[in-house]
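Scrolling down, you'll hit the structures one after another.
One chain, chain A, appears in both complexes that follow, with chain B as partner in the first and chain C in the second.
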Partner chain A sequence: MSDPSVSALIAEETQSGVPSRSLWSEAFRTLRRRPDVILATIVAVFFLLVALFPFLFTSKDPQRCDIAESRLPPQWFGGEHPFGTNAYGCDVLAQLVHGTRPSLLLAFIVVGVSVLIGVTLGTVSGYYLGIVDAVVSRIVEVFLVIPLLLAALLLLSLFRNIDLGDGPVSTIAQPAIVLTMFAWMGYTRYVRASVLETKNLDYVTAARVLGASDLRIMVRHVLPNAIGTVTALVPTAIAAVIGTEAVLAFLGIGVRPPAVSWGIMIEEGSQWFTGGSEYLLLFPLGCLMATVLAFVVIGDNLRDALDPKLK
Partner chain B sequence: MKTARLAAGLTALALVVTGCGGGDESEGDGDATVKLTLSQDVDTLLPMDSNVSDNISVLDVVYDGLVRYDPKTTKPYNYVAEDISSSDNTVWTIKIKDGLTFQNDEPVDAEAFARAWNYAAYGPNAMGNNYFFERVAGYDEMQGEYEEDDEGNVTVTTEPTAKELSGVKVVDPQTLEVTLNGPFAGFATMLGYTGFFPIAQECLDDIEACSTQPIGNGPFEIEEWDQGQSLTANKWDDYSLEETPDFSRIEWTEYSGDSDWADFEAGDIDASFPPPAEWQAAVSDPDLSSRMVEGPGAALSYVGFPMYLGKPFDDVEFRKAISMAIDRDTIIEKVVPGRFVAADSWVVPDGVPGGVAGTCEFCTFDPDAAKAALAKAGGWPKDKKLIIHLGEDPESEAIFKAVGDSIQLNLGIPYELDPTPDYFDRRSARDFTGIMRANWFPDYPLNENYLAPVYASGDPKEGNTNFGYYNADFEALIQEGDAAPDLETAVTKYQEAEKVLASDMASAPVAFSKNVMFYSDRLDNVVLDPFSGEVKLRLLQVN
Partner chain C sequence: MGRYITRRVLQGFLTLFLVMFLLHLLTTLAIQLNGNPAQAFFGDRTPSPSQLAAVETRYGLDDPCYDQLGNPCIGPFVERLGDYAQGDFGESLRGRPVTDIVSTAAPNTLRLFVVVTITWLAIGMTLGGIAARRRGKASDHGIRGLSILIDALPIFVLLLVYKYIFSVPLSRWAKDTFGSDSLPALLFKPSFSPQHAWATLIVPGILLGLAGSAAFIRLVRAAQLETYNADHVRTARSKGLSERHVSRHHVVRNSAIPVVTAVGIVFTEALAGAVITEGMMNIYGMGGVLWKAVQDSDVSVVIGVVTLLAAVTVVVMLVVDVVYAALDPRIRYE
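Let's turn to the complex of A and B:
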């Protein structure tokens, strides 16, 4: 029985270590070789830096507005207002820079919380099935049939008069809660499906026979297999939330003033587009498109790299 | 201070002589249709309940009032009234022209006015123009206590003791005698307002039907009102008085907000004005700007202070500081070009009797003086935000964001806007913690209307409800004006009262509205009503 070719095969398999590690490092290797991914990553990291350290990019206060300097055209670098000023005389660059944080923070909070909810519910329902699965799946279906924009419009306009204060988190709290409510279902379904697939594999059965607890099996053996697909969804989801925030702000119910966000800037800028100040729309729109595009490209490639079915 | 009551249907017409030019012009085939815009918010066409500029301008061609107003001087002249006189300014005798009828052939007589006024003054009817009758004797007995819910349903908790105004007496079919609570020289001036129009008995019998299909006594008859969509009116052939335009039909299409501008540009409606961002493009278009008409408006936007809160709002120096920190001219030029003019008085200059410019000494932009005044007032607590309360209206939010920016920039006071849908309720409940955007739309052309209803209360302890303002000199001057033997003396007294406001800086005037309208090439002789800002339909000509 000691066929050398079989043992060599076994050796090779064990050498490549835990399957998940090989998956990740291979994905990384694929991604590294693609120029579009590298470019997208640079753009995404740049905007992350802007969000984290706004003062590196502008020294101006976005709330300091001098009406006498209303709608100055861009003076580019070297001028007092490189990107010009808006209708109220506020510095556009300062607003763009300070508007990055609410937009990105909202996206990260929404996606982070959704993934957490989705992974937990998906794992539990896929693992235990029965009544737990029935309840979770029905809730997922209920939330799936409600159109996001309708629900967001409804909830945000119903509660728009509730004041949560004006800290960096509380200004985005309402859209964050509403968007999270309608963003977790996808992850739940994906995770549930992969858990269903994984939990009957031999090594899981082996672990169970060895007396591992449910929690240990879920966390150590089932989840690592499911997490890949979910990770591939994250960048695309971030892009989607940034876009949705802009839509909500455009409709006047997203992130609330005095916080500035790209959506609010786009909304204000659009009024002046035909009035000779098109830069008021083009700058925030450009930033929004660059960021969304970057995250979508990263997400697409990550999915290609991580999803074994697409190979 | 009642945006909701954008009142004042003082749409008037020049005397026939000046207005229609004698009748030797043969233009206008008499069959033309005028297409206009109506706000979607209009919910009634009942004169007693109509107090926004839109339904007021519709009713101006559907009804005739006792007096009408000269479009240039805003002076009233008798129209349905033959004569209005009083020896003591308390008891007024109104003679009505003989032979006038409603569109359903009922006579327009003293009874027609009395029934309309009694209906409006009866509290539980919850009519929008109820408060106009508070000067008439017997008003208090007709109020009772009642609550009105959002749907307009009224629950009466205490029945009023009277059903009719004891001060309104029908002497004979053509004579009405009105007794006021006290002398008021401006009573005749009020009588052209929409709330004083007569109504037919048939209308009173079915108020519901009448509020959508009014039975008027004016030159036009409402044909159909498809609420939320459109309203049409045709010329009433049996109209017997002089002031009637040449065209035969008016079609109003209902829009929300500024959305009618695109349809105007497409040629579907005849008159409109652009949203702020399109203003520049519109005025620089030589063709469009040749069809633009401008006129002074009468509505005042101002900053109100919650003086009832004490420091620092009750300090006159603080109020001066805020007022001088606002760069009115630049804000208007940059944010709402062409729609407003900077205000430096409490009464619109030249718009109404007694209105002069420049009564507000501290309404000029002066950042240094503003800083000095703030220091004198003891400064502003560090890191505390100044809340600016206002209603939910994009235009005033834009203006007051710029006002807040000005205050922040020049005084270093951080601010926050608080647009609230319950603005009026919260204000009268004194629920405000910061300054407020307020707006006063005059109801009749007299300087008294800008002063007494806004700042007088007769309550030295609490001050007036909205701001907590009280000044005994101010109250005394208003009363002296009311009791004056003639209108001119009254106007002078009211002017002195305005000076008291100026020295107290009781509020900070920001801007007067300016009426602007672009019109299609089919229209001619487009004149705007100084009060409502709408086109004066009776003067309009259609090519």
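Let's turn to the complex of A and C:
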């Protein structure tokens, strides 16, 4: 095994990682030329900035409301309340800005953790098969049978009375846990399928014959084939979680008042829609749709760019 | 094939058992953390201890394990499984058996799903097929933009916009023009009416189907594109078959496999969407019942309905897997 020619072969083998890297740079080059991707990235980055540094965009406190100034129409820029005030007299712009963070933070946590769980379980179960695969597949099936929203509805309403505190993380902890619990299975399935497809290919067998360890084969040779698919799923998944958060908040069981999120604003705004204050619904709805649209566009183009079969 | 089906059916039973156990564990944990749901029976009134005890016994919540955090409550679980085996899915807080509620609510959900499935297939196959055939042309980009737009509109936003902005003026206009019992007036009625179940379900069903159709369009397009690049399609073309014959026999059929499996996955999403749709449009279906039960903390109805829905999903997935294996022999690994 320590034969120099073998190690030379292994070295050559590892260099075959270069085309996979050029796939990424090529994908990047394709994406850079698309105007819709550039626009979507600008929108996404803008809302990320809003979530990270809310004080750059508004100087008002979303929780400080003056009931005497309730439902002022938008005064646009230059006025005291550029986007008007809501039924309790809170500044809509401040609420929009501060409502960005819970939505995006929730989305990133949920997607990040589920990708981690999904990729690990998918690789292990696809690679070892046998008992590991049987157990993982059963678990995946059990969780797939209960739809995400049904589970969230059931669990969040059963845990409705439990208060975890007011911090930025603890207000979203409950929806984050429940959504993650029921969102990882997709990645497991994709990665498992891709591992099954790859692991019997000649170059993987060659690596095994050359004495590469299981871990090395999984990480260096098998996983790079799956990672493109998974990456392409991520922006779309982020968009989906942002949408689901809005649904849960709308039903009163997601992020809860007094914390502000777009979903809560949409829920409040919909009550005033027919009462002549359409802007209370349209502003948060617009922000939600712009963000979701941006992530969906990025995801869609990424999938095309990373799938060599469609070239 | 016979062995494969047997194995899948046995796996299905195991999955169903595990789902029930998972639901049981989660609700038990919720009861242990959150307090006794029997309290919900009395609403705001404060019951005497003996009244509370009587209600607890009636709904099987009297086991002391519900007061011990971390106790998996195996005893009540076994009892419940026995009840399920006899067709007893518990009763609501008003004393109505869950099976009775479900049997009156299920037809409306089935109607909704008929409309949803037709919408999916119609939109997905038509637009996805066109996009694949005209890849890179204006219609492809247009369809793609449309599917992205659909994706960016969650079902509840669609329903919200429809209910508040379109439904009221449209139904008023239809009533004035065609009369209050005419078909158009019923179509745009903002809420469900049991006397005209089909007519009042069509628009919510189409909206729900529309919300799920983006995934279908993309999937059909991707599957067909992959097949268009395949060797056997090139062979079919090079031996002079007409483009129409090629796309119908060599592309559409071969790209049906991922589409069939997607039905299984999208089905669970549609089930979730049905809860929102039925909840928001006041449709008396399984989702609407579940939504109300969750609001009223009617735990036995929630567990009963979710268990039944899980059983239905297991059956759907089983059928999908068997169809998948029948369509593609490569799938039967062992």
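Methods note: the second predicted complex is superposed on the first by the 294 of 311 C-alpha atoms of A that agree within 3 Å, B and C clash if a C-alpha of one lies under 4 Å from a C-alpha of the other, contacts with A are read in each partner's own complex, and residues count from 1 in each chain.
Here is the rule we use: a contact is a pair of C-beta atoms (placed from the backbone, for glycine too) under 8 Å apart; a residue touches a chain by one contact, two chains touch by 3 or more.
These figures come from a predicted structure and were not determined experimentally.
Asker: Is A:Gln271 contacted by the first partner chain B, the second partner chain C, both or neither?
Answerer: After superposition on chain A, A:Gln271 lies in contact with chain B alone.
Asker: Is A:Phe28 touching anything from chain B or chain C once the two structures are fitted on A? First, second, both or neither.
Answerer: Neither partner.
Asker: According to the contact criterion defined above, which of chain B and chain C contacts more residues of chain A?
Answerer: C
Asker: Is A:Asp66 touching anything from chain B or chain C once the two structures are fitted on A? First, second, both or neither.
Answerer: Touch partner of A:Asp66: chain B, not chain C.
Asker: Given the touch rule stated above, what does A:Phe250 touch, chain B (first), chain C (second), both, or neither?
Answerer: It touches chain C, and chain B stays clear.
Asker: Check whether A:Leu153 is in contact with chain B, with chain C, with both or with neither, and answer first, second, both or neither.
Answerer: second
Asker: Where on chain A do chain B and chain C both make contact?
Answerer: Residues 161, 273-274, which sit in both footprints.
Asker: Taking the touch rule as given, give the residues of chain C at its contact with chain A in the complex, in rising order.
Answerer: Going through chain C, the ones touching chain A are 11, 14-16, 18-19, 22-23, 26-27, 30-31, 33-35, 144, 148-149, 151-157, 160, 164, 218, 222, 225-226, 229, 265, 268-269, 271-273, 275-276, 279, 290-291, 294-295, 297, 299, 302, 306, 309-310, 313-314, 317.
Asker: In the complex formed with chain C, which residues of chain A make contact?
Answerer: Checking each residue of chain A against chain C gives 138, 141-150, 153-155, 157-162, 236, 239, 243-244, 246-247, 250-251, 266, 270, 273-274, 281, 285, 288-289, 292-293, 296-297, 300, 309-310.
Asker: Touching residues of chain A toward chain B in the complex: what are they?
Answerer: It comes out as residues 63-68, 70-71, 87-90, 161, 166, 257-258, 271-276.
Asker: Name, in rising order, each residue of chain B that touches chain A in their complex.
Answerer: Chain B residues touching chain A: 275-281, 327, 330-331, 334-335, 401-402, 405-406, 408-409, 414, 416-417, 420-421.
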